[in-house]
Each structure stands twice: as C-alpha cells, then as structure tokens.
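Chain lettering (A, B, C, D, E and F) follows the sequence in which the chains are written, and residue indices restart at 1 in each chain.
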Amino acid sequence: MAAKRSVIPFGPQHPVLPEPIHIDLVTEDEKVVEAIPSIGFVHRGLEQLVTKKDFGEMVYVAERICGICSFGHGYGYVKTIEHIMGIEPTDRARYIRTMLFELSRMHSHILWLGLMADAFGFESLFMETWKIREKILDMLEAATGGRVIFSIMRIGGLRKDVPDDVMKGFLPELDKVVEGIKACEAAFLSDPAVLGRLKGVGYISKEDAIALGCEGPFLRASGVEHDNRMRGYAAYGDMDFKIITSDEGDSYGRCYVRIHEIYESASIVRQCIEKMPQEGIYVPIKGFPNGEHMTVIEQPRGGACYYVHASGKKFIERMRVRTPTFANIPALAKTLQGCDVADVPILVVTIDPCISCTER
Amino acid sequence: MTFANFTKTELKNLFRKPATDKYPNGPASLKESTRGHVSNNMDACVLCSVCQMRCPTGAITVDRKAQTWTIRPFSCIQCRRCVDNCPKKSLSMQKEYTEPDQIKKEQVFDLSDRQKEVLAEQARQAAERAKAALEAGKKKSSE
Amino acid sequence: MTEYSMISVIIYLIFAPFIVSILSGVDRIVTARMQGRCGPRLLQPWFDLIKLFSKESTAVNGIQKILVMAHCFFAIFSGAIFFAGGDILLVLFALTMAEVFLILGAYSVNAAYSEIGAQRELLQMMAYEPMTLLTAAGFYLSAGSFRVTDIISGNVPLILKMPGFFIGFCFVLVVKLRKSPFDLATSHHANQEIIKGLTGDLSGPVYGFSLLAELYEEALMLGMAGLFFLTSDRMSIIAVFIAIAVIMFVMSLIDNIFPRVKWETLLKTEWIVTFFAGGGNLIILSLIRK
Amino acid sequence: MLDGLEIVELTGLLNNIKAVKTDGFSLMQICATKIDESYEILYTFGKGYDIRNLKTVVREGEHVPSITDMFEAAYLYENEIHDLFGIAVDGINHDYKGTLYRTAEETPFR
Amino acid sequence: MSVLSFLILFPFFIAFVLFFLKKDSLVRSFIVFIGAAGELSLSVYFAIDSYLYHDIEMGTFYLSETHDLDMLIAALELCLMLVVFFLAVKYKKYPVMILSALGTIPALYMDLTGKSTTMASHIKVDHLTVIMVLVVGVVGSLICMYAVGYIRDYHRHHKEFRDRSGYFLSLLFAFLGAMMGLISSDNLTWMFFFWEVTSVCSFLLIGYSRTPEAVHNSFRALWMNLLGGCAFMAAIIFCIYVMEITNISQLLVYASLPTVTVFPVAMLAFAALTKSAQMPFSGWLLGAMVAPTPSSALLHSATMVKAGVYLLLRLSPMMCGTYAGTMVAVIGGFTFFAASLLAITVSDGKKVLAYSTVSNLGLITAAAGCGMEEAVWAGIMLLIFHSVTKSMMFMSVGAYENSTGSRDVEDMHGMIVRYPRLAFIMTIGIFGMSVVPMGMCVAKWAALRAFIDSGSVYLTLFLCFGSASTIFYWIKWLGKIFSVSRGSERHKDNVPAVEWIAMYPLAILAMVLCLVYPLISALAVIPYIQNAFSGSVSRLVTAAFESGSAGGEGIIAAISTEDFIIMGVMLICICLLPVAMKMVNSVQERQVLSYMSGFNSGNDRSFYDSHGEEKDQWLSNWYMNGLFGEKRLLPFCLVLSSAFVISMMTVCAIGGLFI
Amino acid sequence: MRISKSPWLLHYDGSSCNGCDIEVLASTTPRFDVERFGIVNTGNPKHADIFLCTGGINSQNEDVVRQIYDQMPDPKVVLACGICACDGGIFKDCYNILGGTDTVIPVDVYVPGCAVRPEALIDGVIKALKILDEKAEKMKRGEYKSLTSAEYAEKLKGMKTASDKEKEDENA
C-alpha cells in the first residue's frame, strides 16, 4: 500500500540544463527511488569524422566536441598527436596553453556555479556568477578571438600568439574575478538556507567514488586526492598549485572544491603570465602520425582520455574521447536514488554534466 | 555562518549602475582579435581553391569559370583556417559577425577587374608556356 | 452593500490587474537591478498578460480550460467579497475554492510536471492555510467581527494588536506572491525542476486567465496586508501604501537572497511560524479579551 | 606506445581483468577500434596516476563478456560498444539493448 | 408516540423477516425495499407530524407501565451477552466476556428490580431527536437499499466468503431500529440497551466475512465499545444510586451544578468517545473497513458513530468549562487534526473515508465539548452534512470497487471519463466535505467562530491546522478523479439501479441542503439550542452570542444572510460548470500534447522512457509517509490521547466520587 | 499593443556542442540581459513565442524538436542559433546529423556564428520579433496559421521531389 510509484520523464527538454539528457525518475511522493539515465540526444558521431577529415582538420572538430571545455578538447587531441609524432612544443606555447586551459577551467567552473545556483532556485546568485564569468570570456576573447570556441590550437603549437601586453592586462581583471567569486562563496558555502539544499545531498563515499570511476571535482569532493594536472603535461610541471579536496562527499563538498579550484586556477594563470617565456609558438610538423596513444588530461570536469590510433596516413584510424561526464554518469544515477525531486536538478548539475562532451 | 549573507551584494548591485551592455543601442563589444566573418580581398585572390579545400565545413566555393569566390557565411564556423592557409593572404578575418537573416544567404565575391587581368595574364602566360613546352617537345621529337 | 463598498469593488474589478501589474513591474525592475541588470519595462507584466490573450488558444483538453476559467472567476469573486467589505472567512474559503479549481485543472492534463505542481500547490495551501485562518481569527478577536467593514472601522491600526499575525501573514505572502524560497508550485522566476509547475500545461489565453487570477489574488493579498494598517482615519490609507511598498520591497529582497526550499521545509517553516507567531498572538489576544 | 599495454586473449580476458581489479585499479574507459575485419577492444584502468591497458581482439560475431560484475560502471561503455560497433556484450547489468544511442544508422562503426 | 414506536419496531421486524430469507431472491429484495422505503417515509412522516401536529418541545413521554418492557429488554440484553460469550469462546477472546458482563449484569439487575425506570420520562422527542430521526431514517434507509445491490455484487466478486446476505441485511435493519431507539430514549437504561445493541450489531457486521482479519477487527470494535458500555453503566449506577435520577432530561437539569454531575457526564462522555471512535479508540472504526461497504457506510455516516456524538451534543450544555468538557473538546480537536493528517497517508479509499470520519467526528466532538451554543449549532450542522455526504462517498467507493475490483484512490484516475456518473457523485461528495459553499465547510466556519469565542486557543489551532490538511487529502483524491491517463476510456459501470436509487437522492440532498441551510437552522437547530441552553445560566452567553442577536439574525450570527446569498451564488456557479464545459468544448481549437519534457510518444498519456519504449504516464498522489506516516504518527497520537483521557478520567472520577 | 513587447523564449539544444547554448544562456544574464526586451526564458514550450534551437538535428532528437515546436501556440517564430542549427556546421558529415533545424521545422531567422555571439542573438531576436508581429497581425485577420511539423515535412518532401525532378531533367 502506501504511496505508489510514478515515473517522471526528466528531460530531454528541461530548462535546468542547457543540454538534453533524459532520466526516468521513479518517484514516491517527491522521493526518487530509482533513476535511469538515457543519453544520445546530442550524439553526433564526430569520432567517425576521422575518415572524412584529415588529422590536422580534426583539431577543429575536437574543439567543437564541447563549447565549455573546448580548449581542453583541442589540447587533448593535439597533445596525443604530438606525442605520437614525437613533437615537443615550445615553452611559450606550453605556457600559453596552460594559461588558456586554466582560464577556460575558471569559466567552466563559474558557469557551473551559476547553474548550480539556478538549480536550487537562487536566481540572483546565478546572475551574479555569470556576470563575473563575462570578465573571463572577455579575456579569452582578447587572447584568442572567440568567446567560447577558441580555434587557437594547432598540432605543433599555437596558431596565433597572444601579445604580452594583452596578457598583462589580465592580471587586474583576475583580481576582480577572484573578489567577485569570494562574495559568491559566502552565499554558497556559508548561507544556512543554501547549505540546507547542499549538505548531505547526493553523498558518495570515497570508496564508491573510486569504484564507480568518478572523475574530477566529483571525485575530489569525496576526499580523493587525484588531479591529472599533476602528471605535469603542458606547463603544469612548472606551476605551483595544490589539489583541492573535500571530505564531505556531498553537493556542498563539490561546491567547495570547485570554488577553491577557481582560486587555484587564477593563481596558475598569474604564474603563467609572470613566467611567460619569450620564444616561438610553433614547431613545424612533418609527415603523418603513426602509432597509438592515449592521453589523460584534467578537464574542468575531470580526467579526459584521448585515444588516437593512426597508421601513418593522412586520415587517422580512430579517435576516441572519454570525457569525465561519461565516467560520472553511473555515479549520478546512484546519487539520484533516494533524493527528492527538488534535488534532482542539484544532483544532475552537481556532477557538472556536459552531455555534448559525453556523447560526442 | 551568517543568515542571508547575499543581501549585501544584492543591495550594492541595486544602487550601482547595471552591468548591462547597451547593445543594440550601443556598440557591440568586439575585440580586435574577434573572429567575426571572413572577407576576401579580391585584389589578391588567385582563385587557387586552397581555401575551399581547407575549409572544414565546405563554406567556400571557388568558381574559376565564373571567376567568383563564394562564401556561405551561414556555414562558416569562423575557424580561420582558410585565412591561415591562403597563399596570397587575400583572406582576412573581420571582427564583425554576420548579421542574422531569414534566409541562408551566400556572399559572392567577383574577382576585381585588375585581378581578372592579372589572372588572364597569368593564364595567357601559362598557355604560352605550355605552348612553348609543347613546341619544344615537338622540336625535340622532330630532331 | 453600501455605496462605498460598491465603489471599491468596482475599482477592484477594473483596476486591480493594472495596478498589480505595475507593482510587479517595479518588482521585476528592482529584482533585475539587484542582479545587476537593467530589467524589463515597467509595464512588462501587463504586456505579458495582453500578449497571452492575443495568442492562439491551444488546449490539452477541454476540462482544463474550463477549470482554469473557474479558478479565475472564483479568485476575482473572492477578491470582490473582500473589497465589498464582506466576511473575511468567506473570502478565504472562496479563495481556497478558486485554488482548488486550478489544481484540478493541473491534474486533468495528466502530465508529470503539472501534477507535481498541483501536489505542491496543495501542499502550499496546507502550509499557509492555518495562518490565513488564524489571521482571520486574529482580526475577529481584535476587531470583534469577521467583516472587513468592521475590521477597518477601528481607531488604532490592528498591527499593534496583532504583530504576530502580521509576521505569520508575511510568510503567507511569500507563498502567495510566489516568491523565491516558497515558489514551489510554479517556479515563478527561474525555471527549475518543475517547469512552471501547475501552469505548465496552460498556454495562450488560458494561461492568461491564470495570470489574471494571480494578479487579482495578489491584489487581494495585499489588501489583506493593508487591513493591518487601515483604520477609520482616512489618513491611514497612506500608511497602507507605505506598508505595501515596504512589503513589496522586502518580498523582492527575500526573493533574491534565498534559494528555493524543499516542500518539507516549507511546510515545517510555515507551520512553526503559524504556531508560534500566530498561536502566541492568539493567546495574548484571548487573554486580553477575557 | 600505450602505457602498461598488455594484449590478452578474449578467453582470458575476465581473469586478467580480475587480476587488475585485485591490484586495486578502477576502470577508466573501454573503447573499440575497428581494424580491418576485427575489432580491438581496449580496457583502460587507472590507479592514482598509473594506467594499465588491456587489449583484446574480437572477430566479427564473437561475443564479449561483460565486466559489470567487477566494475559496476562499465555498463555505459559496454552499451556504447554494442550500439556503435555492433559487438555483442553478454550479461551487462544494465542493458539498454541498443537504445543508448538511437542513431539513424545502426552500428555506424561496424 | 405510536409513530415513534413503529419507527423503532418496524426495522426490527424487517430484520427478523430477513433473517430467515437466506437466499437472494426477488422477494427478499422486495422486502428490503419495502422496509427501507417504509422506514424512510415513516421518519419523514414523523418529522412532519411532529412539526405540524405536536408541540415537539414538550415531547417527553412517560410510560406508566413498563414492567413488561423492562423484562423484555432484560431478556434481550441477556441474549446479547450470550451471543458475545458464545463468539468470544468460539474465537478464544475471553477478555471481552468480562467487559460484556460488567456492562450487562448491573443492567439486568436494575431492570429486574425495576430501579431503572422509576418516575421519569422514558422517551423524549425534541428537535434534536427529529433531526436524528431524519438523518437515520433517510440516510440509513437509503444505505439499506443500496445494500441489496451491493451485497449481491460483493458475493459475486468474493466467492470465498459464504453468502450470508440475509443475515447481513437483517443486521442492517436491526441497526436502524437500535439507532431509532437510542435517539428517542430518554431513559438511561433503555438508551444503554440500544447502545449495546449497536455495539454488538457492529461487531457482527464487521466480522461478517469471517476472515481472521475481520474477526480480529470485529473483536477490537467490540471490546472498545463494551468498554464504553461499562462507562455508560457506571454513569447509570451513579445517576440511579447517588443522584436518584434515571434519565438524561433530569441530568440536564443539573447543568448548572457541574460538581455534582461531573462523574456521570464524564463517564457518558467517555462512552461517547469510544462510540464515535475518538482518538485512542479510533482503531475500531478503521478496522471496520473490512466489512462490506454498506455496513461501513452505515456505521460511519448515519448510525453507530453518530450515536456517540449525539450523546455528546445532548450533554453539551453540561460541558462548557467542566473537566469533562475540556476532555471531550481536547480529544475531539486533537482527533480532528491528527486523523486528518493520517488521512493524507493512506490510499485505500475506504480508509481515507474512515480517517475522515474520525476526523470529522472529532470536530463535532470538539464542538460539543466546547459547549457553546454556536459550537453546538455547528456540531449539529456538521452531523447532518457529514451523514449525507459521507454515506454517499461510501456508496460510490463501494460501487466503484464492485465495478473495477479496487477501491484504492490511486486506481481512480480518470474516473471522470471512465465512470462519469460515479465520478460525479464522488465530486459532489468531496466538494461537500471540503470546500465552501458546501455544507461541511460552512459548519466548520461557524465552529471556528465559536471556538474563538469560547476563548480556547487550542481548539482554534486544531481547527485551523486540521482543516488545512483536510483540504489536502480531499483535493488530491479529487485530482485523481480528474487525471485522465492511459486506459481512461469510458467503461460501462455495472452499478445496479438500486444503488443509483440510493446515491442520486443523497447527491441531490447534499446540494439542496446547502441551499436550505438557513431553513434547517431556523426550524430545527436553533429551537433545540434555545431549549437546551435555556436552563443554563449566563456563563454560556458570550459576546458573540449577544452581537449575534443584536444583529437581528436570530441566535446564530456566525453566517449572515448576505453570506448565504453569496454562497448560493457560488453554488449555482459551480453547478453551471458542467454546462459551461459543454459550451467551451464546442469551440474547436488546436489540440496539443501535454508537456512531458518533449518526449511524449505521440499522445498525452505516454512518453518514451530511457529504453526508448513507450511508457504510460501514470502519476501517483503524495502520501507524505515520511512525515505523517501511520507508523510514525499513529502510535504517538494514541499514546498521547490515551494518557490524556486516562488522566482526565481519573480527575473526573476522583472529583466526582469523592468531592 | 504588439506581441513583440513580451516575447518569451524557449531554448532547446538539438545536438550542439554547448558553445551556442551557453551563449544563449549568457544573453539572459546581466551583461546582455535580454529581459530588457521583455524576454523571459520560459523553458516551457506552451508559454513560449520564440523557439531558439541550437545544434543540428539528429535522429534521436528530431521528434523532440518537432514536438516542442508543435506544442507552442501561434504566433511563433523559430530561430536557428549557430552554424550547427543553420546547416549542421562542422558536424554535417556525421552519420547521426540530419542537418540544421530546418530539416524538421520551419525556421524564421538564421543566426550564424560558431559560437553564436550574444549580440548576434539579440539582433536575431529583434529580427524575429518583427516577423512575430507580422504573423500576429495576419493571424488576427485569420490569414495565417503556422505549419505544423507534419505539414512542414510534407512540404519538404514536395520540395525535394521537385528538385529531384529538376535534376533528372538536367540529367536527361
């Protein structure tokens, strides 16, 4: 007896996410007892474009896997090819890449903060964060010419140099961003009403997080100290930063991790600009890639794997991207069990899902 | 932990000027480096079709017969690949974006008269060269 | 029904939507400013309403349409009783009735989000109704009558006698004006988990009717808030306007500094506030009367 | 050129993966590549910053055992392989039966 | 007088006849029909007769020669006891034997010694009696009629139970007779006898299907009611031996001396609480759900439980401000609130109705316990409306169950399309129970006013919170009826004509009653109150009461004429809705799908699920089990209320006996 | 009173890369604040007047887009935002991309850009509002009814066969 179960179709069209995902929410009252995710609404099949576009052109495709972590995708693909071809980019290229990578991490995290605020119905917080984010987009645009799609990656380096004075101009802006985020942090991390919506919502233990293969802030919020930037690719080896973790394991922990990562990223950007080497940005390449390699880099949402299988032809054999959201979905389905319908947006947002990344 | 601690930010915002750009009543915020749309300096283009081959979306058509260079801005993803690869540096990336429209317009660039002459000249020369080569070949064979 | 009440009813019927639109237009601008944006035009809510009525009327089924219209009718009706100076309990009951029709309308489409909205709306009713009833009781105790005409004929503003009720009533207002921490059923501003909730399946004129009803309802709720300040003294009307302005501002602020709560929190908050603020004041009033 | 690459027979796959699991690795990804008429399936496992890759070759028509018993979250990858490559995976704990990607063209990578 | 005795005896006679008609036959149906129709017309006749030809204010009757009657009653009481003993032994539930004996033996003794009937009227007919006769006569008879059709279907669906429908119908009639007797007795011992008859009858009815659950529940009902009976007996003993009175009228004379009457009133009130299933005793009523629907309808709406509140309403002039009154008011208010919360958490239609009954009776109880004129007015009004509406609800749920095999609210989705006629009845019922301008709500309104006037903050709070949750469970039920999901094509309802005969008049009655509200009030309720409270002193006269009379609108000014007109307008508007629906629907417009996140599968009753398959959009209501669940709330409520009742009873007993 | 004073918009992400989506979202935030034009992001097709579709159409979301479009009450306009929505963009050769938004529903305004800039979006919306007003005007006169997605599919089929014929003629 008692309450019977209803099934609520959550998505694909649903304003909580700018992107489509479908979840069957099996509910009792407002309690979700089961959640079955379904993806594929933005599946384009771009991995197969390798048969139609040569390995250089694929950079543009890779960048458009996702508009939020666009830079990382371009970077990941390029780095894999570079590895296969044995190319070592110049220092300046490495530093600019790192800087842009961190800027896009910041924009991604701030975007996420806004979506999170929106998910628990805090509209003005959403507006505030997105207002701050515009500053970063301005920086990115000044540096690359695009607000979200940068088109600056190239196998062997960068397609375009970023003038030093432009980069110097970033420093005061960064301070403003950090200051703005500090104000929002007060609302996210210490407002009791917000805490009520975050604390204990969507708890994942450390063991589960590892077993389910979670990635990125989601994993770090469960207390696992794992950040692929520590692998030292690009210029991360030269940077001084720490891995942010939290032992909460819930939505609050994830907020905490992401907010503090913004600060870390800001500091990395600063370091990059300060230490920026002064030489060329491009090493010419010769021939076609031959071999296979998998690169793991730390995207805003966590580790992303880029696998390329090439056999010395103009068209590579296979490109495969495993994005962090893909890895986080099983854990999402798990956390959704037992939450309230009102928590669903929070939980869905909490993994910072990027469906276009996931489905490619 | 303080209650409703976003109040301060909100009240501050209330008495500040809004952060809103005035667009469309003011200018759009375009940076120097902004990738807006591709434009072709038809004085320099030689209709070599490199851009057409390089364009990832096939937004460019080069018609040598009609001596036009056509771009479909509604297919162009502003990747700047064509610009980078143009051997004559005739292409450039402008910062203004393409205006929205009700139909997917094409933009046809006619070769400038000067360039037409240049091309015609080139073609003539090429033809001459070919002829010369041919003749030279003939001579050889006849020798 | 005296002439006086006749006039106020007519004013209510004709002007309430317009006045409330302007109020909520101001509210929207203030909200936008708090968020650092420019915000819409002042008359935006009014434009929205007019637009809806000029749209195509589509329907999921015929039942819903009529139920929503009934909702609108009874919402206006209850307001009319109020402004005619009628029995405040009857006003509340009629309002409940109006609400019931909207809820049934949402149920009738058999769509998940409408129905969640309907359930939540029911829950909201359950949460705030004790307080509204208690407020009526408070008026009765302090003014000796349930009739609005009698309530406003006192010499001192009733807020002095019933501050607890006023606090409680403000919590009801947050729900009724569909402001952020408590706008569970319609997700009025941002669209979160339930996509407009119980109005989710209304479109065009039918949605217009529900918005119209909302405007009338808001007028009624603000009128009720005004009761706390209105006395037989003509000048007290100024106090009422000031009070309403302050209330509206505080509502916008609250709207902007709180995340939306979950239903359990809503219910508990409302009931606890009702119990302590309303109940406490009730005890005091009863003691005074004895 | 892959880190810790190991090429295993399809028959020994499960045992090998079990060994990897007992070493404390967790699943990072599974992906397939079509090489001529057969498919390579690459299992990537990670532990801290260590990566281990297991590769197995599946011929057309062969079935692959699911590893969801050991790695719960593998179901998405396995469904993906099934939907895109048409490789049959047996015993997935959450089998979408070809509906994970409802593509216009069935098994486009086949 | 003769009409009255006929009213009492006639049902018993029909019951006797039916007892021997074991087989379902036309003759039996006919007899039931005659019996019900007869009883119905008799009660109406009685009412009209009392108004037109008798001065019903003076309607107490003293029977000079009652020895034979007493002997008969004694014999029957003995029979009842033996029946209880027999069944108790059969099902090994021995404790009830003690309770039964505790109640019956003193009664026997008093009957045999003739102590019980000395020198006072035995029968009393006043406005309240007439109201009750009408309620029991009309509603009860309609239920009996309904039962004919119902029990036939019931046995068609439940082949596992032995068909003892003759016995069942006969019990229903016996019940009617007992109720008639109970409401017209003035003599306490007689009343006690009928009281026990209802207890035993209900026990037998609940155990009808003889499943272990039914047996268990029936014994629970029995022991609770017998416990109440014992309290009743204690009150009688006190009255006869200490106060030397034998009937209620005499007891009421002592209204101004609360110290003297504290014990008997408390005891009687306790008995009434058990009968009306108030909080610690609510269990029996919920258990009674296992019985076939007509019996629940009868037990819950028109009879059994009404006996309790009837007694309380009678006693209410003696309760204002006394300990007994406080106990009754608090328990009533608490029950109203708690039961309405509990009603939210259950989905079995009959169980919702049961909780709602408990809850509404709580309100009546509270009104009676409050002991103010206005409150009593509200209480009587509630009683009338509740009987009509609730019996109708029961019948429609029963009819629905027989048509579809389920009585779960969750299975009633789309009823408006599937079974429009039944849905219509239910809608009227639910509206009647929950919103203004329908009866219940109006009475609640008066009650609220009375509670405020009486200055009891707790009652006001109980009422405010309780009515909020009441709305919740009714409207969500109603919503289910309106929610048209997959499979909601029109079905043929196999509801037999007799059932419609019972339901339609009640539906019409429910509507008409709203319109004639002022009339009932002026003709019956107010005279009764004036009479009942005339003996009492000025402590009952409150400010509101005065302002009411000053307003020139009779005794009760809670609801003014103007308000009645407004409500009338509302009612008419609601009635016009179906017409408007027809009109609006004739306008053609583009049909769109309902919103399901853009994933409907081509209609508005299903969508594509995560596996790409069509899935019905089927939605369940909220039950808030986490918050108010039966498991969580009920034990708590029971403990709390038991503690309260016990302590109050102790206070009353000590105070009444020793001070 | 023109309908364009209160356009409510609905955004749906076809199969875009997110770039355009976040720009659409960004246009509602303080920097661009489309609420200045009375625009509200409704998220519910039944309330919307403007349908912003980003990304190409793939086989899994074509029905969704159609359904959303059909659920919107007249008058309504559709904006294809971003190159993907205009013609499939860089993904048009993918096996799962059927094309731009106009492969399933009629598009009124194409807003190019990869990603579309908020300013371009504002321009597009302003353009769309004019169309919206015209439609409303015509609708009032009873001259206009927008195509349902099914009707549009029919029309497309007709157009295709016509052009096919032309091609055949050419070949012949």
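Going forward, a residue touches a chain if its C-beta (ideal position, glycine included) is under 8 Å from a C-beta of that chain, and two chains touch if they have at least 3 such contacts.
Quantities reported herein were computed from a predicted structural model and do not represent experimental measurements.
Trainee: Please state, in steps, how far chain F lies from chain A along the shortest route of touching chains.
Mentor: Contact-graph shortest path, chain A to chain F, evaluates to 1.
Trainee: What are the mutual neighbours of chain D and chain E in this structure?
Mentor: Per touch definition, common to chain D and chain E: A, F.
Trainee: Tally the contacting C-beta pairs at the A-E interface and at the C-E interface, and name the larger one.
Mentor: Ranking A-E and C-E by C-beta contacts puts C-E first.
Trainee: Determine the centre-to-centre distance between chain E and chain F, using the mean Cα coordinates as centres, and give it in whole Å.
Mentor: 61
Trainee: Once you find the CA centre of chain A and the CA centre of chain B, what distance in Å lies between them?
Mentor: Distance between chain centres, rounded to whole Å: 31 Å.
Trainee: Between chain A and chain D, what's the gap in Å when you average each chain's C-alpha atoms?
Mentor: Inter-chain centre distance comes to 25 Å.
Trainee: Report the inter-chain centroid distance for chain A and chain C in whole angstrom, where each centroid is the mean of the CA atoms.
Mentor: 43
Trainee: Using the touch definition from the top, which residues of chain E touch two or more other chains?
Mentor: 590, 592-593, 595-599, 610-612, 617, 619, 621-622, 626
Trainee: At least two other chains touched by the same residue of chain C: list those residues.
Mentor: Within chain C, residues 32, 34-39, 56-58, 112-113, 119, 191, 195, 200-201, 203, 256-258 contact more than one other chain.
Trainee: Chain F: which residues touch two or more other chains?
Mentor: Residues 12, 29-31, 33, 36, 41-46, 58, 60, 64, 68, 71, 73, 89-90, 95-96, 114, 117 of chain F each touch two or more of the other chains.
Trainee: Going by the touch definition at the top, which pairs of chains touch each other?
Mentor: Chain pairs that touch: A-B, A-C, A-D, A-E, A-F, B-C, B-F, C-E, C-F, D-E, D-F, E-F.
Trainee: Considering the complex alone, what residue numbers of chain E touch chain F?
Mentor: Within the complex, chain E touches chain F at residues 590, 592-593, 595, 598-600.
Trainee: What residues of chain A sit close enough to touch chain C in their complex?
Mentor: Of all residues in chain A, those touching chain C are 6-9, 14-16, 30, 117-128, 131, 191, 193-194, 196-197, 340-345.
Trainee: Taking the touch rule as given, give the residues of chain F at its contact with chain E in the complex, in rising order.
Mentor: Chain F reaches chain E through residues 12, 44-46, 64-65, 67-68, 70-71, 73.
Trainee: Using the touch definition from the top, list the residues of chain E that touch chain D in their complex.
Mentor: 610-612
Trainee: Flag every residue of chain D that touches chain E in the complex, lowest number first.
Mentor: Going through chain D, the ones touching chain E are 96-97, 99, 102.
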